């Protein structure tokens, strides 16, 4: 038995009819770029080990797991946007620099082609700090989706991207509630004085 | 509804009683190191988009999903090995270089502290090539677990590590069968002449 | 005439009498590590170009400039902690891996020896997002100083580190005020609908 | 006396008459990209130190040395494709992003401009594992040459690229023979139980 | 009181009237690329701690501080070249790969989009070596400015770039004088025998 | 026929009798670290394509080829220093962080475990600049060998390291002569005005 189980069903349907490798390249940043879904899921799924409160651990597990599903959606979008493209389309779209190394395979890199690095994220072992990291991460992802939407005409692409953007806003709100919960649990006058994930004074 | 669902149960139980940050640091490489579980799951879950045959797509999904569960196990091992350690233990174990940046949080890096990078893996958009990449990946993970076991005395740690090592051997065998299936599907005389994930001649 | 002028005077005095290369290595992360002063100053001094409001541009310039001074302080601490150390002390402290490549020179790397990378920071060209990034950055720096202090006995080191930590808390508060100012300027119902640093609707 | 001697003669002649910086940029990935010739030669020339059997050590030396010659060929192709290009040709080809940092010099980077990193390769100190790594590497290089050939019209370029591609297929076969030899030498029932490069039980 | 103070005045005025995101992208390499101004200032401001002679320490401080001002100038150039650009201009200029991750914000990366890394620079803790590093750095920056100028028609851009290029030549000359001073201070027959920044024999 | 031929003979004999993994780890930086032999050979062998004068092209080929031989020597030193080490010796030497990922195999990384990156080197396509880069590179390698020698007691190790250090000094002198030749060839008054590797005015 494994801890995650996979269901062959996207959280939101992706059915793109028109090939567009130029757009695929931009959207790739939400796969393996600085504020993309790989970074998101790794951030939350890593932070949760040291998160001291059960509700917050659960929050990180829930959102981290959902981001895995978003990663699948983004991958499906890129895949469908590059399906069946011709060599001429590849060259015209400037997709050749990606293609030479990965053909039409999905690889975790930014729009510029920089391989994903965990340097984009932090897991600091301090609940207050990690939740701030998470709030910032959701805003960064939201901005990236905003930027992607500026280049999208095709509603087949725009709709799932809007769905993904909307989810980042929801996650932002949930992390905001999580931060409130975490600060409430901390004895007010000790606010910056110790770390409930490492120090022993609090449960 | 999300595509992965999480069950609060490890594939193999991890119940470590004795803190050991020195060992934790070594095992960290199977979390975010060159041949660790993050790389494994990203590799398989990324490759599957362009994989042309349903059986092989399914194989990559299954193993990629299982590796997510293994990532959770490795994280749990590291977390339990560093739980409740004192500053003295941290210094003695040489864990201070990690601790200063991540406290006792889990962060995706190698034993040496290099943040995980997708440069460790490839998704080449060519089924024969990707399956060779996967066979090599499983052997590399197997060797890492072999090396970890040389440093482990505690059966609470050795048992789940042995389980994880054993799974890599099983995955290796399954990818071997996958490669046979993929080559059978290719018209023999065209073996190296085209790529069924990109070229149109074959289904 | 240049835009920054240098005054030969630290913001807070650093006068360390006792060599301690082991501690120097840990503190190095606040020079070139993931949440260190190089990243801080680069983040703020880069973000300010696209920041739309004069007060916020000024805030980023002020704090970014102050972080340059903190970088100098951290460099001075590391330099003084490694001054005059013997080869025996280097080996005993595990400082040899750093020493072979940089002798006793100051080089921008984390405690683990990973060269500084701008992947640690983001400049997103969106004021709301950048200010969240900055709030998170200050919390991450604060936690790093907390962690450093766990290893420090020498008051000659502890005092300037405490001063630096305290400044991060002040910066955090100032960025909090900045975020309030930025959200107030945004038309409430458009909150997430456009980016005042790029879109033209607002001044 | 040095261990390698250089002969001013390419393994296969490179005589390109027509400048083509756009194509040069794609081919650059076989110089310093993820599956290029620098990675190939470093992989084999590094692995051979710990390879336990003389035949396999010799195999790695032979192929590693040949890849150095291929690196020279790829460099010559890129050099000849960018020789005498005008500023207009540079801009039209999108070569300006490379040119600004390296003029028309040859620099080890991928088509996307990412500097070569050894994270692309592994030297695991385990003969079975290293040979799997090598088989995968040859398939990845083969796919890259396949992809390059999709963009090449000029026979002056296509011919040496086809030669290089053919050599990867030959190396793949030789590593396959090497793997057979290595597994034969291992006592069957111990197959996964120890590492002849580190453990002492076998010669 | 902080060690650097900022004056709201560029060393050389930057007043660009015509948007040009294509050119902005090339110039970006002097912000965060391999031989850009971030690397320059970090190199000199880091090396100066271990530099043994007061004149040379002062030289590094002066030039390092001036480079911070150049960084500001380069940032201002990029900012003004991308100010008010439309989505159509972004796409036509190939600026979309940068834009998706940073909107029109300034981020420390090379023209190809690779985040700045301190691997571009060295601080070796040896005065003779560090000054050679600095001479090379100034030549590399000079060549980059030469290359940028090949793409610039607009005198609003060319003038500040020429100013920056000229300063690199001046810095080169000053480091040449610094090297002469450093070698004169070394006892001739010990030239390569010890390191005045680490060994104790010389003051 | 290949362009390099390998002779099974080191430029200087390496016969180390005493295992010393702690020292091996330090010396590793001259294999794959910032100023090591991989960087050296890649730098010279890459720069030579665009180097305009036959003597200088030949110089780069000669020294680049010799550095390949030095890489082999450094690899042999590391291999012999780690041959036959026990698990206890590995742990005591702090070699476990390397061992977990590479067993006793030779892998291109720095002493701190950072994989080799071409960001350490530059190939600028400008002869004056490239020769300055090379002079700096030789000084940096010389300092690294100086630093290694501070940790070496065993004459079996010290002798080949001294030989390698001496060769860097010779290369430095030869690059100095090369720079004189290159500047003599340039029309004096045009010294900084054009680049003979790219511009057409000079042969």
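For clarity, chains are labelled A, B, C, D, E and F in written order, and residue numbers in each chain start from 1.
Convention: a residue touches a chain if its C-beta (ideal position, glycine included) is under 8 Å from a C-beta of that chain, and two chains touch if they have at least 3 such contacts.
Because the structure is a prediction, the values reported are computed rather than measured.
**Student:** State which chains count as neighbours of chain C and simultaneously of chain D.
**Tutor:** Joint contacts, listed by label: A, B, E, F.
**Student:** Which is it for copies chain D and chain F: same residues on both faces, with over half shared, or different residues?
**Tutor:** Here the answer is same, because the shared fraction of interface numbers exceeds one half.
**Student:** I need the pair from D-E, C-E or B-D whose contacts repeat those of A-C. Over half of the residue-number contact pairs should coincide.
**Tutor:** It is B-D that repeats the A-C interface.
**Student:** Could you give the separation in Å between the centres of chain A and chain D, each centre being the mean of its C-alpha atoms?
**Tutor:** 34
**Student:** So the centre of each chain is just the mean of its C-alpha atoms; given that, what is the distance between chain B and chain E in Å?
**Tutor:** About 41 Å, centre to centre.
**Student:** Please list all residues of chain D that touch 2 or more other chains.
**Tutor:** Counting only residues that touch two or more other chains, chain D contributes 34-35, 94, 101, 103, 109, 112-115, 117, 119, 122, 124-126, 143, 195.
**Student:** What's the contact topology between the chains, one of line, ring, star, complete, other?
**Tutor:** Topology of touching chains reads as other, fitting no named class.
**Student:** So which chains end up touching which?
**Tutor:** A-B, A-C, A-D, A-E, B-C, B-D, B-F, C-E, C-F, D-E, D-F, E-F
**Student:** Going by the contact rule at the top, pick out the chain E residues touching chain F in the complex.
**Tutor:** For chain E paired with chain F, touching residues are 34-35, 117, 119-120, 122, 124-126, 128-129, 132-133, 135-136, 139-140, 142-143, 146, 169, 192, 195.
**Student:** Which of the residues in chain E end up touching chain C in this complex?
**Tutor:** 1-11, 32, 38, 42, 45-47, 49-50, 61-62, 65-66, 68-69, 71-72, 75-76, 78-79, 84, 101-109, 115-119, 121-126, 130, 195, 197-198, 200
**Student:** Which of the residues in chain D come into contact with chain A in the complex?
**Tutor:** So the residues of chain D touching chain A come out as 22, 25-26, 29, 33-35, 94, 110-114, 143-144, 147-148, 150-151.
**Student:** Looking at the complex, which residues from chain F come into contact with chain B?
**Tutor:** Where chain F meets chain B, its residues are 87, 91, 94, 96-101, 103, 109, 112-115.
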